[in-house]
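Each chain gets a letter, A, B, C, D, E, F and G, in the order it is written, and its residues are counted from 1.
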Amino acid sequence: MSSTVLLTIAMLSVLGLLAAVILYFVAQKFKVVEDPRIDLVNEALPGANCGGCGYAGCRAFAEALVKSTSFEGLNCPVGGADTMGKVALILDRQPVAVEPEVAVVRCNGTPDNAARTSYYDGAMSCRIAHSLYGGTTGCHYGCLGCGDCVSACKFDAMYMNPVTELPVILDDQCVACGACVKACPRSIIELRKRNKKDRKIYVSCVNKDKGGPARKACKVACIGCGKCVKVCPYDAITMENNLAFIDSYKCKLCRKCVPECPTLAILEIGFPVKEQKPAEAAEATTD
Amino acid sequence: MNKILNVSPSPHISTPETTRRLMYGVVIALIPALAASIYYFGMGAIIVTLTSVVSCVAVEYLVQKFILKTRPSVSDGSAVVTGLLLAFNVPSNLPIWIIIIGAIISIGVAKMTFGGLGSNPFNPALVGRVFLLISFPVQMTSWPVPSGFRTGYLDAVTGATPLGVLSEGVKAGESVASLMEKVPTHMQLFYGYMGGSMGEIAAAALIIGGIYLLWKKIISWHIPVSILVSVALFTGILWLADPTKYADPGFHLLTGGIMLGAIFMATDYVTSPMTHKGMIIYGIGIGVITVLIRTWGAYPEGVSFAILIMNAFVPLLNMYIKPKRFGKEVKHG
Amino acid sequence: MDFILLIISAILVNNIVLAQFLGVCPFLGVSNKVSTAIGMSGAVTFVMVLATMVTYLIYTYVLIPLGIGFMQTIAYILVIASLVQMVEIILKKISQPLYQALGIFLPLITTNCAVLGVAILVIKKDYNLVEGIVYGAATAIGFGLALVILAGIREQLELVDVPSGMKGAPIALVTAGILALAFMGFAGLV
Amino acid sequence: MFKTFPKGGIHPPENKLTADKPIVILPVPPQVTVPVSQHIGAPATPVVEKGAAVLAGQVIAEAKGFVSTNIHSPVSGKVSKIDTVVDTTGYKQTAVIIDVEGDEWVTTVDRSTALEKEITLTREEIIERCRQCGLVGMGGATFPTHIKLTVPAGKSCDMVIINGAECEPYLTSDHRLMLEKGAEVLTGATIIMKALGVERAVVGIEANKPDAISHLTELAREFRGITVQPLKVKYPQGGEKQLIKACTGREVPSGGLPIDVGVVVQNVGTAFAVYEAVQKNKPLVERVVTVTGKSVANPGNFLVRIGTPVTALIEAAGGMPDDTGKVVNGGPMMGKALAITDVPVTKGTSGILLFPAAASRRAEVLPCIRCGKCSSACAMGLEPWLISVLSEKGMWEKAEKEKITDCMECGACAYTCPAKRPLLDYIRLGKSTVIRLARERVTK
Amino acid sequence: MNQVQNFTKGFIKENPILVMVLGACPTLATTSSMINGLGMGLATTFVLLGSNTVVSLMKNLIPDKVRIPAFIVVIATFVTIVDLVMNAYVPSLYESLGIFIPLIVVNCIVLGRAEAFASKNTVWSSVVDGAGMGLGFTTALGVLGAIREILGSGAIGGFKFISGDGILVFILAPGAFIALGYMIAIVKKINKA
Amino acid sequence: MPQGETVTHEGIVLKAPGDGTADVEIIVAEACAGCQARSVCSPGKSDTKVITVKSGAALKPGDRVTVVMQLSQGFRALAIGYIIPFIVLIAAFALLSAAGAGEVVAALLSFVALGIYYTVIWLLRGRIEERFEFKIKE
Amino acid sequence: MAKIQSSLKNMVLSLTLISVGASAALGFVYEMTKGPIELTALNKKLDAIKQVVPEFTNNPNDDMFMLPTGEGDSLEVYPARSGEEVVGYAVKSYTNNGFSGYISFMVGFLPDGTIYNISVLEHKETPGLGTKMVPEGTPEKPEFKDQFKGKHPADFPLKVRKDGGPVDAITAATISSRAFCEGVQRAYNTFEKGGLK
């Protein structure tokens, strides 16, 4: 009996020692660098691997967070403040307040508003259509309707409305990852500050043509008349290349510009319904 | 004059050839062999074929409709081809429920799991066949003997395939010459007078189908020819080396699934290489593995396995054997 | 024992992954790219043979004479783990860039079922050292073959739309299943 | 014997409906729209003001930058405005719109039709004349001719190929030109030879134009160094690299240009324009356009002024058939579909093709069945099925490795695909993306 | 996380084989029948419980740099104990599990739990974790074994309910791969929903 | 310029002494990307590696970069690190066995041969090292 | 308690400690299970022998001897005695020609050479096919191997019907059946040549 046990002990001790020595050297040579906090942070992240943070995936972002010294410029749009708060807790740091954003489609070229002049019959890809020609309407800036943005969205926050032939963003689902913004060859989608009750006021047009052609191509185009710029008390509206733009961080949702627009290109969404609300705005809200 | 014109990138014309036409071309090419099977095996052949085709199409439809929730595309005809070929690869007295399992495996597992037409790395009909062969070896190896048209189905008289006789015999130590007495003559083999899977027996009918496919440019010669030639060469060498142990090449070419496999199954676009060079390597691989299994393996017949094994190499062949690009590369800039 | 048969058996008939279920984790995990799969196969071959040799010697000339054959598992795992690390240390000592190139190319060769499994099987099957080495090398080649084939298929599957639920491990397993089905055709070759 | 390129190619129905329709001179329209960019390269800059009176042949926009060329007024009249218009490319660009008054030409232009065979200009003068006259390649690419005729330092040229393949179905403008202006074309070829300082020229013509082959063979006896090479009827026989391979056996390297193998290729239309520019001092202000289509009442070949609206051409051919579903600028394989017909003819317009509605829609797209027909059709030895998915999936690096940039966009692959995959759509997307990425890499 | 969650997570949400695809070899190899699958699962559970307990007990005694060899020694000891005990008392099960008993030592679940959980948590949590993970693994093996046995031999737990054979492939290697593949896909779907 | 396939890894710059090189810590995850259990795979844990790269760009510690290596270099490293030693091992063993050595002797001597091989490449390391070069993308 | 530092001393110490603990535990379990394991192995063999020969009183394992097969190797033979009288011999035979190669059997002969019973020890045949050679049948539902019981190889050629013998092969598993016959034949040959009859 005892001999086996003794041999066993001797044997294992020798092996154990050997392993200890080898591994000691291993430990010397290989720095075991992985910070355990990376795992923790990684777990706190949503795991969507959407790339909205600008990194290759959640784990990569977790590493970046752990290695960083401050959270400046680092944000997970998917998890938002909640997640960043958790991460801050893990890393024992101050979270940086980042305003939540939401994506907005700045085109209202429904078949009613912008008459179709041709039918696109190529591969269903906005980028291909965009490189082929100006598009199915007289507007060479507006939505091509092939849904590249929709397929880019990993959060099921978009769909193509078959009636308007425009993409619709579901505010509840959208995490502002910006994938759609990158996907759109015409830069129609914009990430804007998310307001209370998802209220929005924005110029739903990206047409840079002069008033005449713009109007001719689409009934609700921005014609660059500049009335809204004048009326805005907060300097939130700028005009460039015949196109008005409302800065969502300056806009205070006073709604003064909305009735000014002769073409109804400025949409207000999420406000209690008032008098002369254009039908299409309502349409865009409900979905 | 405000016509709404269609706009699309070039080209603006397209060949009249379509996937559907190709698939139905294969169906047409299979008709002679089907006719031969019905002639030899009667009702059984009809029942097996119908069951197989209907269940393959049904499985594809149901999977697309209820599991994948995509638009069913059974009308492209590929499920019909798979169904036919699955039927061709089983004995004509196979119970209906086994055929249905085969269809589920072929279409459900080997095809739709990977994404449907065009995605599957392995030949669906063969996956179905091999699955059944291994799962139901008894039923899958009870070969009805050919006779004139017969209305009976499950009660058919069964016997061994010529390859079975050969393989058994050689293992039992009989000489090939004496075994050759027990099998049909080469001419009979050519016309299909032998036991075997429903559609594989009639070499003549299969060759007619093959010629049709070649004529319609549905397949190219590279795969069938390289398979047949490599089988002939390999068995020829063995035969010359020791004719008492190995059968002659003619026997090997006319028996088992070689013709069916070489003409109809190894040529499946989806699961075969894209380049001619790749096709030839693939064909030689199939030929060699077939003979390997036939002469030294446990199974008397190896075409199905050989094709599946070479299917597995197809991605590598596609990756490393590229068409000759136009123009040598120049360094510049 | 006929070496040819031993080799054919280990590569085709009793393929370590497809028939013996050893090394399935790296088979599923390192089969995304053909080039990595090839690299992995090469590295595994060396490690497997080296491990087989060392463990065989330890078992036959240390454990058995001492009458503590039951220590096999514990001794093997420690020896193999140290061996793998030692190879890495040596490579690193020899040339930093060489070691770095390997590191960037291959994942760490962890001790997995396959290496330990082969070491145990060599003893179980009563092979002598020569047979053990041949068996180890052939098994590793079989592993590499299966790995490279699967990697090829998976690279091709990247180009098609595999149903979302099947992506990743499930489709790799189903593919492996069909591959195993196909390899059953080799039954009886030995 | 008929020569051809070694690999790939297709043979779509030829449909050369207008092969025996002589060239008809189309009357000058009441208004022309002349875009300032009708060529590859930088747009020209307008040098006339609104309201200015212009003569036919007068420069109205000047070349800007190295790869660019002059634009001349094709008519006489008054500049009505300078505005942005949609042109045949489908995009908006600047154009000079001129109200036609009479048909007065600048005096330096010799408008007689007499054949002028004697070449008096020197090499440099020829090239300068081409530049002055705004010549561009008429074979489709509209690359400024004077640049092509200037052999870059370090390269040498020993041969000119005149591209008379006209392998696109339907189109016959080059065919008619060779028949009706054969001697001028060959003179143009001789001028090009002189400009390049080479002794040899080959006119490559597809075998489906036997009359042109025999006519030019006959004429060529009187021109030193020019031979006619009949070619097999196979699309894309007219593709530059394929044509060179067929005629000379030389293979232009991947990413290279014809000059890398000592060859310059010019279209027959270009040769004719060179003749007119050099011998008659006539700028490029008109061209031959085939107007065709199966339901077109009077398909034909027309000599039209640049800037003429396409609608006018369609009228001349009997008006737009009611069933028209698609209008293509160019041939069915490489032409560009027009969204609207109210666009002007430009230097690169070789044909207007009207498709009936039934033939104008693409068929349903099915999954690729890896039949390999596209690979067999590709004359560049590419694997269209592969590079198109790589592009569809955004795998740009792999697409680059698979030589997506070698694609000449001939469309043979998409034509031949039984699954009706929009192969070329995605390949184009991938090609442009890969080129962009490569450029960004270089600048970085 | 409370202990109930800690225990149940191993069954579906973090099931070692169905979600993390760890320990695929024993899963495939030993599930030709339900009993074998359960046997393997329980053997693994025992090792997991043992090693988790010991590791969490000694977590502060082991310097960081030798933790892996230390864990390995602990795990290998438990594996050898299981090996010896099974050989002595359940010889037929021992024989059908064969080489996969010693191979528990390299099963990533065991080392993974030691490393990721037990070395950082209290003994009690580690025991619960080990039990949960182990039983989750056991359940998965049992279910897979049952499926394969039902399909492959028309029996359950060795009790045949059809005469004749089942779909033989399912008790062979290919069936193991295919069945596991679909099982993982289904669990993925459940976890998503 | 695309020249054959490359292997890429994400990494973080640790040190950039400013002499045109930088030490980059990479995470070897590429091959295990499909592995769902990265977080529990303990042997994988220590698998961050430090690579010295040549880089013209101005890098500072903390920069995220992508390290690129030619695939062929990877294969060459594989050959030197694993394949050739494998052949040496087998060949030595086979020769010694054929020469009549017992299995223990043969085995031990072939380990010695392996040691000699490693010594040789250690002596030749200068030449080997020229062949390995990592670059930074972007 | 604070975590121990990774110094060489600590590392060696802790590992050694763990090793000692582990090995002590192991050695203990080994000692405990040693007996049962040996017993199990023995019982397995005895069970197999019991199955194939009539009741006996001796320990055949102790009386085991080797007999040459005449093919260059030898088989183990276990004589079974009831008191002093030999009631049968269990011959451990094998074949390499199974569907999946090696199969080993225990073949029991009565002293006159009549087959008493056969049991399959080891095999890798296909479940559902080759495995059918394993089970013991009942008189109502005899299994494959029951047809050998009470037969004497001298007048019951060990050949399947396909090869002209009297043995009914397992359906679709002729190879296994044939291999089975071969294994039994080898046992018989050895038995006969050994002069035990």
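By definition in this document, a residue touches a chain if its C-beta (ideal position, glycine included) is under 8 Å from a C-beta of that chain, and two chains touch if they have at least 3 such contacts.
Computed from a predicted model, the values in this text were never measured in an experiment.
Visitor: In this assembly, which chains make contact with chain B and also with chain E?
Guide: A, C, G
Visitor: Comparing the two chain pairs, does C-F have more C-beta contacts than A-C, or is it the other way round?
Guide: Of A-C and C-F, it is C-F that has more C-beta pairs in contact.
Visitor: Of all chains present, which has the mean Cα position farthest from that of chain D?
Guide: If we average the C-alpha coordinates per chain, G ends up farthest from chain D.
Visitor: Where the centres are mean C-alpha positions, what is the separation of chain B from chain G, in Å?
Guide: The separation of the two C-alpha centroids amounts to 43 Å.
Visitor: Approximately how many whole Å separate the CA-defined centres of chain F and chain G?
Guide: 50
Visitor: Mind checking the centre-to-centre distance between chain A and chain G? Centres are C-alpha means, answer in whole Å.
Guide: Comparing mean C-alpha positions, chain G is 70 Å from chain A.
Visitor: For chain A and chain F, let me know how many angstrom lie between their CA-based centres, rounded off.
Guide: Each chain's C-alpha centroid was found; their separation is 40 Å.
Visitor: Two-or-more-chain contact residues of chain E, please, as numbers and ranges.
Guide: Within chain E, the residues that touch at least two other chains are 21-22, 64-66, 68-69, 73, 76-77, 80, 84, 108, 116, 165, 168-169, 172, 174, 178.
Visitor: Which residues belonging to chain B are in contact with no fewer than two other chains?
Guide: Chain B, residues with two or more chain partners: 5-9, 109, 115, 118-119, 131, 134, 137, 298.
Visitor: Any chance you could list the residues of chain C touching two or more other chains?
Guide: Touching at least two other chains: 25, 28, 68, 70-71, 74, 78, 81-82, 111, 160, 166, 169, 171-172, 174, 178, 181, 184, 187-188.
Visitor: In the complex formed with chain C, which residues of chain B make contact?
Guide: Its residues touching chain C are 68, 109-110, 112-115, 118-119, 121-122, 127, 130-131, 134, 289, 292-293, 296-299, 302, 304-306, 308-309, 311-316, 318-319.
Visitor: Show which residues of chain C lie in contact with chain B when the two form their complex.
Guide: 34, 148-149, 152-153, 155-157, 160-163, 166, 171, 174-175, 178-179, 181-189
Visitor: So in the complex, which bits of chain B are touching chain E?
Guide: Contact set of chain B toward chain E: 101, 109, 131, 134-137.
Visitor: Write out the stretch or stretches of chain D touching chain B in their complex.
Guide: So the residues of chain D touching chain B come out as 7, 10, 12, 90, 169, 241, 245, 251-256, 260, 311, 320, 324-328, 330, 332-341, 353, 355, 357, 359-363, 366-373, 375, 378-383, 385, 403, 406, 409, 411-412, 414-420, 422, 424-425, 428, 442.
Visitor: Can you name the residues of chain B that touch chain D in the complex?
Guide: 1, 3, 5-15, 17-19, 21-22, 73, 76, 78, 115-119, 269-270, 272, 274-275, 322-330, 332-333
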